[in-house]
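We call the chains A, B, C and D, going by the order they appear; numbering starts again at 1 in every chain.
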Amino acid sequence: MLLFAGLRERAGRDELVLDGLPAGATVEQAIAQARGIVPGLDSVAFAVARNRRLLPAANGRREALAEGDELALLPPVSGG
Amino acid sequence: MLLFAGLRERAGRDELVLDGLPAGATVEQAIAQARGIVPGLDSVAFAVARNRRLLPAANGRREALAEGDELALLPPVSGG
Amino acid sequence: MASAFTDGRIDVEALVRSVASDEHGAICTFVGTARRRSEGKEVRRLRYEAYLPMAEAAVAEIVAAARARWPQAEIAARHRLGDCPLGEASVAVVAAAPHRDEAFAACRFVIDTVKAQAPIWKQEVFTDGTAWVGDPASFRSGGAGAAGGAGAAGGRGP
Amino acid sequence: MASAFTDGRIDVEALVRSVASDEHGAICTFVGTARRRSEGKEVRRLRYEAYLPMAEAAVAEIVAAARARWPQAEIAARHRLGDCPLGEASVAVVAAAPHRDEAFAACRFVIDTVKAQAPIWKQEVFTDGTAWVGDPASFRSGGAGAAGGAGAAGGRGP
């Protein structure tokens, strides 16, 4: 799971390896595991990208993960 | 009286000297004299500047001229 | 203040530098260039003429009006006179401001108002003659050299 | 297609040349630069980070959407990553089109959408710490060097 900006700094690293997620685990389960690793993960409203596409805010986090998926947590963007 | 762009080309020169205008002549009288000199003067809708200020379209041409006034006939502008 | 008019190439980068600063996060630049085609006809180059003292005052007033409306903006404008080859800039407007709303709005206001109001005239030079834009009856046949001589300096002195 | 991202200075003139042609009479350029002040605080420099493969795709999609909407426009965009000193360009968008309505509209659309959607993050480096814009809880004291190391390359590879 890739981390950026303030989330990367909070975690002290730019990638988390999530072990032990059961087969068919959802995006939300992966995020729950990240909560135990990244201090203050919920201090910022982040979006989630799966394989470089933004997940729909509505129920994207209920999707089941597949082998090799690239997840990324994206704090509010501020380019420009 | 200064001429620009198509009016300058129609007249073949960039300035007309208007002789014999009576004291207290109006802008319109000066234009009438220019009509006799510049072929096709009214083939383009021109504005009139007096001392580098645009005359109001409504009744600016009824203004009386003063000694040393600089008149200019301005075809539709097309800068840019 | 520098003249808003030049007989040669417009140095757009210098114009940008003249308004940029680290107080301004947004710079909007508009450059108008000479197009090869105009209403279906092939253009060889453009030629510009101005009523110079009145046009200088007009551009200065337009820039002042923009600064009154967007007080934090810095604005510069330059217009070319005389011959303008295809692809080269005939006019440039730069607006620098703290934020992009002001930069876009001020830049757009200045170019729109200069085009609508400043006493500047554009002549299109075609392969078969010349014509003043906005004055269709001004077409003169004779190719690129037809209007040589008159207005060669591109503008009138005071 | 060239990358929309660069670790060094953005060459705005080269970007303009890449879209200009004598078919286009209007070129609108937007440049965002690093400002000295942000909400009353003194900024020493900016630092940008991106989710690079996703951000490249995002900018390409935004440019493609603009070209679909303004088919005659040519558009180029470049964003800086890593350190951006005060006064230097962090982002540049150029739109060339036959007429200025399209050039302004396409340029504005691209910068607005890149800022709103592309996965790019700006960190302000103050004299007394750093903070990611839009993530106030991310403030870390310790001055300009605090965030060194992580993200030094300014972006992530694929």
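Before moving on, here are some points about what is shown:
Definition applied: a contact is a pair of C-beta atoms (placed from the backbone, for glycine too) under 8 Å apart; a residue touches a chain by one contact, two chains touch by 3 or more.
Worth saying up front: this structure is predicted, and the values here are computed from it rather than measured.
The mean-CA centres of chain A and chain B are about 73 angstrom from one another, to the nearest whole unit. Rounded to whole angstrom units, the spacing between the C-alpha centres of chain B and chain C is 24.
Inter-chain spacing, taken between the CA centroids of chain B and chain D, is 52 Å. Annotation for chain C: residues touching 2 or more other chains are 32, 111. Residue positions of chain A touching 2 or more other chains: there are none. The touch graph of these protein chains is an open line. Touching pairs of chains, sorted by label, consist of A-D, B-C, C-D.
Against chain A, in their complex, chain D makes its touches with residues 32, 48-51, 53-55, 57, 79, 90-91, 111, 114-123, 132-135, 137-138, 140, 147, 150-151, 156.
Contact residues of chain C toward chain D in the complex are 13, 16, 20-37, 86-87, 98, 100, 103-104, 107-108, 111.
Here chain A touches chain D in the complex through residues 2, 4-6, 8-10, 12-14, 40, 43-44, 49, 52, 72, 74-80, going by the rule given at the top.
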